[in-house]
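Down below are the structures I want you to see.
Both complexes below contain chain A, partnered by chain B and then by chain C.
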Partner chain A sequence: MTNINFQDLSDVIRLISDIKHKNILSSHDIALKTEAMLEALIAQGKWTSASELMQLIKQRIKCISQSLPMEATAINVMRHILKVIREEFEVASEKKGESQSLQYIVTGASSNVLDYSQSLSSLQAALLDHLSEYKTELETSAENIAAQASEHIHSSETILTFGTSKTVQRFLKAASKKRTFNVIVVEAAPLYLGHSLAANLAKSNIQTTVIPDSAVFAMMSRVNKVIIGTHTVLASGGLRASSGIHALALAAKHYSIPVMVLSHMYKFTPVYLGSNDHEAFNDCASPASLIPYSSGQVLNKAEVTNAVFDFVPPELVTLFITHQGGNSPSYVYRLLSELYHPDDYEI
Partner chain B sequence: MSKKNDLLAKENAVQAILVAPTFEDEFLPISNDIPLCLFPVVNKPLIDYTLEFLSLGGVEETFLFCCNHVAEIKDHIKKSVEETVGWTLTMKVHIIVSESCRSFGDCLRDLDAKGLLRGDFVLLEPGVISNISLSSLLKKHSDICQMDKGAAMTVIFQECGLNHRSLCPQDETLVIMNSKNRLLFHKKTKKTSDKKVDFPLEIFLENNSVSIYHNLKDTHIAICSSSVLPLFSDNFDFQTKDDFVRGLLMNEEIMGSTVYGNILRGSNYGGAIHNWRTYQSISMELKNKWVHPLVPPTKKNRSIYEDSAIGTSTKVALTANICRSILGCNVVIGNNVKIQDAFIFDNTHIEDNAVVSLSVIGPNCIVKNGAKVTAGSILGKGVVIEENCLVEDSLVQQTKSDNSEDKIGPSAYRLRLEEDEEDIDLDKSLARRMSRLHIHEATYESEYESEDEFSESEDALSHIHSPPPDDTKLFFTEVIDSLTRGFEDKLLCDNLILEINSSRYAYNVTVKEVNFNVIKAILIMSGDLPEGPQYFSSFAQMLSYFAPLFNNYIKNLSAMTDCLQAVEEVAISGDFKDKWAVFTLKYLYEKDYLSEEAILDWFGTIKTDTKFYKQVKPFTDWLEEAEEEDSDDE
Partner chain C sequence: MNPPQPTPSVKADAIQKPTKPQREKKPSKSKPLNDEKMDNPTSKASTNDKQLTEKQLRKLEWEKKLSEQKGKGDIKDGLSLSKAELKAKRREQQEAQRQAKVEKDVKEVKDKPVENPKSLEKKPTRMLPGEAKKSDKKSTVEPKILKSKHVQLVQHLYKEPNPEYSSKLVNFKEIHPVFMRLGVQYSEKVILGSNARCLALLAGIRTLINDIQTPSKQEFCRYLQGVLQNCTDYLQECRPLAVSMTNALRSFKQQLRHIETIETGLNDNDKRTRLIDVIDTYIRNDMRRAWDAISIKVNAKIVDGDIILIYGCSSLVRQILLEANKDGKKFSVIIVDSRPLLEGREMLRRLISAGIKCSYVLINGLSCVMKQASKVLLGAHALLTNGSVMSRIGTAQVALVAQAYNKPVLVCCETYKFSERVQTDSFVFNEIGDSNLLLSADTSSSSSPLVYQKDNPKLNILNLLYDVTPPDLVTAVVTELAILPCTSVPVVLRINAGESNV
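For the complex of A and B:
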């Protein structure tokens, strides 16, 4: 039993090992890879009914959440596909029209639960269609976000950003085609990823300044907008973002500067920050970038923690910009219910 | 198409050799039951870390060399493959078994005969854990080979501060490299007892610039050219990698091979578990994420236990105190247990009120109520320590074997390693002592010093308290010399008294100082007696041998006071057990050298907040009670 299980999961293990070996780095690539994996899974058709297929996908989600607890993208993509399967199944079984009463919508009446174990011949084709649509959505997502740039960035404004993010870079470059503005890049110690973003922006003739993390508060008073990327968006509208962003968001709050977060839909996660499980929320990298290993004796006595993420509470975020447009943090719950089925929040 | 790619990849696959057994008895008695590579390191077998490191580092084919416990290792690898653990997708592991090999060098000679390796490869000594990217190092090595056809090996070092806990004294290396990172000189300084290092003059004459490093840690990882294995085969005296490096450096011209070095900096980490001290330091470093992205499986609960990690389904009583320790799975810890700097393997029970410090407790052990396991003890699999038993600085195993040993309990036998007692080879015993667990913080430095200044410790003791004038000091050393000699040769004590009296006139010291110093000398000598359960009986024997001296010098009340002051000074300055002071006082009181009155008077002068006061308090309390009873009787 167990043997067969492991054999079947080889595709997801391959994905995990690719992520671990850093063969795929950006969350966008992970999303595309996951989508391709599911497409193959559905096309191969080792399943006969929707419930079986959903079971297969849930196994994969469990597998990833065990070996990569910090990985949200792949799980979110799969979670979304689960919702797609449910929807397509409803359409295919043609029950939708009859049962769509107000009472059903409000209470999600259990009297009318669908039997997903029924096998439907049209389901596979419908799913593959939907998936190719989803794939295009993923591919154009960054472009659609960038297209909104000129609505948010105005002439001769000063924009502050933190570290590096491909989406932010694209967004700023798109804006620079129509407007001239200044960008301040926070270098984001200890990885200093801000340097590469600053170099790339300067190449496309955007006026760019790099500042150390410690100068964020001092510079904030002359900034018009803060535009950042994030690792994940939590269900409350809070962020799990690179460490340093919480301090930045607090400084922005102090000066009442709007904080805009660019995010793809697959970064929205139906997970709350567990108050008693801070260690599971965060990830600790090697302390070597904070204090060199060669400092010797002091390391015998000190325990150095190099946290990778910050939790940014929702009240510090002004606006989320997705490919569908801008949404406030209080609207995240609604986006989540559009993206995922409530039964799939916890797997 | 994809198949073709696979084949191509296989031909140029990056290969690694991992030698699993240590061929040393460092880990006895636990290594009798568990091979080193399956030792749990923060609750995950060591080999899992090593293989994950190889896979993440870009290795595609690993030869795992086993000599003993082969079936267990094979099972473990098979299980990993079945469960498709991370590394299995990108790396193949071949297990090579040869039970005839007796050293690291033998293994490599065996591999050479098999002819499995094609090009450059990665060579790991037993117990390596690291997070470096091997592919870039392999590239560097092949670049070096392009320039220098004789390049045989690149040894990987990690920059590391002196006195770092992971820098095990045995691993302390002195390295000289030239500007092209070619190794010119390599010496493990602490492996021998010489305190001097001689550099050949040619090093400085032949090179424009050289760098001398003393802050490096050997990671026990090396990148090797294909010429390494034949070199091992040609030279049968190469037993270890260090032998190889030394041999190549010494006979550079003859062999025409050179060795290069590479120093890791930044977040690159490398190290190997080859004795208990490195086991401890690497466990702690894994726990503190220095080897990220290799991380231990457990999440620690910072709020409750200081710097500790705990395995799954382990039960710890609320009143237990755990500090800087790692507990395995299914461990049960009772009430009021104290665990410090200790490693406890799976399925072990530590019952109420037990104390475990600086020790390793193997799997399935039971430490019963009130027992104490301290000072670098190692318990093998299934040992049962009886109630209130004290185990100090010893290796304990479950069953009796040929090595002479004494019995502690029905399933606990003290194991003696051959070198421990008879072997006068200072290097070896020193190395063994150093390889035990590292003591936290300040205690470490003092231990370190006392090992270095072994011969001077007695002198050092004598001038801790109010340094007496020079003559008195000389007199004191004289006394110690004659007493030690007398005790060893069993001379008549009367002759000793004569000797002491003559030196007294020679150095012109007062009667008071004579009394004080003679008693002090006798007591200090007790520090040289072997520690252990028989300590106090041998101490009493020594005191009774010196009885004539006591009779001769302690004649009146003021002499008793001198004697008591000597006891006080030695007890405070020396490193004795808690009961030492009480034992000494009681002995002297029972033999009537000291009167009750003198003791109580003297006790009144001791400051009440000192540790010594607390040590002596029970004894004087007893004295006072005894007096009251006496008067009651009357």
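For the complex of A and C:
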């Protein structure tokens, strides 16, 4: 984009810097912030037609994807809102949109294509209405996922989880109200976020065992289910999750143990990536957390890699649990088409 | 108030001796500072001593105590500790000291009679009451705390702090000080790795043979056997013997019996030389030659441009890589490491200083680097009869990921580590490490949230030392005999047994 007016983009720049400086950490907060940003954008009314508004949002998406290539949540929320705009426009203009029926595809009737540049007075109110609905959905999503806990965990099970995830924590806590079970938490080097999850679970009276990353294979043989969170769900049904999860999923596969992934809808991303070392896929964090700077001379010559993500292929995932219920990885494509308009997959 | 330092004059030692036990008891609280100051010089100085004079015995006792504290202190070295951690550390140290003191006192009881028969009647009566008190305290307090912190699954693996442990120590008669020291070094993981442990054990037995004096009317070999049994019982109590150690011991005992029954005409000194020769032969043939042979075999498989992925710090793998480097092969190494031992750092240091190109990842980043690797080289603790490889925890995972990326996995294992045991999971037989090692996040400055929940009965920390890799994840085992599939273990065992019977 050559004509990006930075004055207009101040809101998204603020969001980017917040994410970059880790002022907002969890993806849930990022989703809420993004939603609030767009709500403000729509409410300000600096747009006259749906196509203009969509243009504004697309600008923001580009801006984020350029400065935070790994950030999926904010883009997905915006992408979903693009679809909301399209839907609301259709309703407001009282025209039938591009139908997906076979007849349309065959006849290729183009007379009915919507003209989004038409300005409609009722659109703004309808959008704000829809957005507040969406906001509630975001806010209750974790709750809805947790509510399904007792459908997935039976008594005296052993659950293995990796690192930390607020959704998983909530899910397990919800399950513990009705069932007693054991949780094994993998500490997840190099940040050891598993420690905080374990401490929180133990506080709420769940029998918890912490193991180092190396013990995953050994422990897996005694595990009933693996329940993890993820960073992103890719279009193929694969995961972009914290590093170490691939090995964990392989071990689960080796022992035929189901891997359940708890995910909010905004983590579903219409991107196909299929390898760990793909440039667009992975990120490297500071090696300082692997080996201390005090190690001295050795560090001059050694190459220390600290990859942040692991790609988990779809065949290693058994189930995705979203607020709508459970789905297998092969169904992700359909969920995506419900979430986003096909024209918005690539922006 | 300082505890007596190993002073150069023998006289001073002799004077201090009788008063020492009482002096030891009081200043226990002010000790940590003194100990840390003295840490380095003493431990360095005493690593070389082989001949055990009266003075050096003293030194040993010292070192034992220090090494206990050092083992615990080392882990957190170079960290800025929070207050809570410092407190925990101090508590640990005090605990370690108390333990060391018990052991030390016990040893004094035992050492004295040997050195100075006159004090025999006096010492035990004076020492034992205090001894009893301490052991009482332990047996009533500790089991309660520990039991609740046990992971149900591996309940059987926890070593109960034996209530009669200290009294048992008293009853462990005639444990040579070398074994005393070995026991502590094993349990504090100062000597780590099954090869190193086995070498240390054999060196210990050699010293024992040199020092042992047969009482009149007893046959040398039989007497030695009894003493050795006591010593190994004690070692077993400190840390379960490695498979390499049990195998070495078995072979030694076999030879011992052979000498006892067949060669009856020899005098004690001849037997001594024969037995020492047996040990030296074992070290030379079964260990060192095996290492060289394996190293040659693996070297033949390393080609220029290879990227070799290794895990942890296996002494054998290290030797292989260093020798391949010496041969001028151009290869690079990916070192995979894991908590809590972080042995890989040592490996990294050694390989880098040999000029090998290295990269380093923690085990969580394994999947990201496995694609680059062309071979995976692993060390082993033992090879079981069903073909499973028992090795440091995490090995199975490395093998699993390697298989997922279709990389060949070579396990390097000497045949003296082959075991007749069979095992299909990692729980039936294993060892539990110190769970406190996992409490800290070693590179971050803030303390782990686990520290605050440490006493929560719902929170367990499990630190297993070994895992078992199923045979289908291993491409081949490199032994000194040949490169074999895992499933050939029973064949090798049969052949070896046949040879040693001839």
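Following the convention adopted for this analysis, the second predicted complex is superposed on the first by the 326 of 347 C-alpha atoms of A that agree within 3 Å, B and C clash if a C-alpha of one lies under 4 Å from a C-alpha of the other, contacts with A are read in each partner's own complex, and residues count from 1 in each chain.
We adopt the following convention: contacts are C-beta pairs under 8 Å (C-beta built on N, C-alpha and C of every residue); 3 or more make two chains touch, one makes a residue touch a chain.
All figures in this text were calculated on a predicted structure; none of them were measured in a lab.
Peer 1: Now for A:I16: first (chain B), second (chain C), both, or neither, which partner does it touch?
Peer 2: It touches chain B, and chain C stays clear.
Peer 1: Just checking: does A:S286 make contact with chain B only, chain C only, both, or neither of them? Give me first, second, both or neither.
Peer 2: first
Peer 1: Which partner does A:S243 contact after superposing on A: first (chain B), second (chain C), both, neither?
Peer 2: Touch status of A:S243: second partner only.
Peer 1: For A:I211, select first, second, both or neither according to whether it touches chain B, chain C, the two together, or no partner.
Peer 2: Only chain C is touched by A:I211; chain B is not.
Peer 1: Should A:E303 be classified as contacting the first partner (chain B), the second (chain C), both, or neither?
Peer 2: A:E303 sits against chain B and chain C alike.
Peer 1: Touching A:N224 in the superposition: chain B (first), chain C (second), both, neither?
Peer 2: Neither partner.
Peer 1: Between chain B and chain C, which makes contact with more of the residues in chain A?
Peer 2: C
Peer 1: Using the touch definition from the top, say if A:S67 reaches chain B (first), chain C (second), both or neither.
Peer 2: first
Peer 1: Just to be sure I follow: which residues of chain A are touched by chain B in one complex and then by chain C in the other one?
Peer 2: Residues 288-289, 292, 294-295, 297, 301, 303-306 of chain A touch both chain B and chain C.
Peer 1: Where on chain A does chain C make contact in their complex?
Peer 2: Per the touch definition, chain A meets chain C at residues 182, 187-192, 195-196, 198-203, 205-219, 221-222, 242-244, 246-247, 250-251, 254, 275-277, 282, 288-292, 294-295, 297-298, 301-307, 310-311.
Peer 1: Under the definition above, what is the set of chain C residues touching chain A in their complex?
Peer 2: It is residues 78, 151-153, 338-340, 345, 348-349, 352, 357-369, 371, 392-394, 396-397, 400-401, 404, 425-427, 438, 441-444, 448-450, 452-453, 456, 458-464, 467-468 of chain C that touch chain A.
Peer 1: Please output the residues of chain A touching chain B within their complex, sorted ascending.
Peer 2: Its residues touching chain B are 2-3, 6, 9-10, 13-14, 16-17, 20-21, 67, 279-280, 284-289, 292-297, 299-301, 303-306.
Peer 1: Under the definition above, what is the set of chain B residues touching chain A in their complex?
Peer 2: 55-56, 82-84, 86, 89-90, 131, 158-165, 215, 265-269, 288-293, 299-300, 302, 307, 440-441, 444
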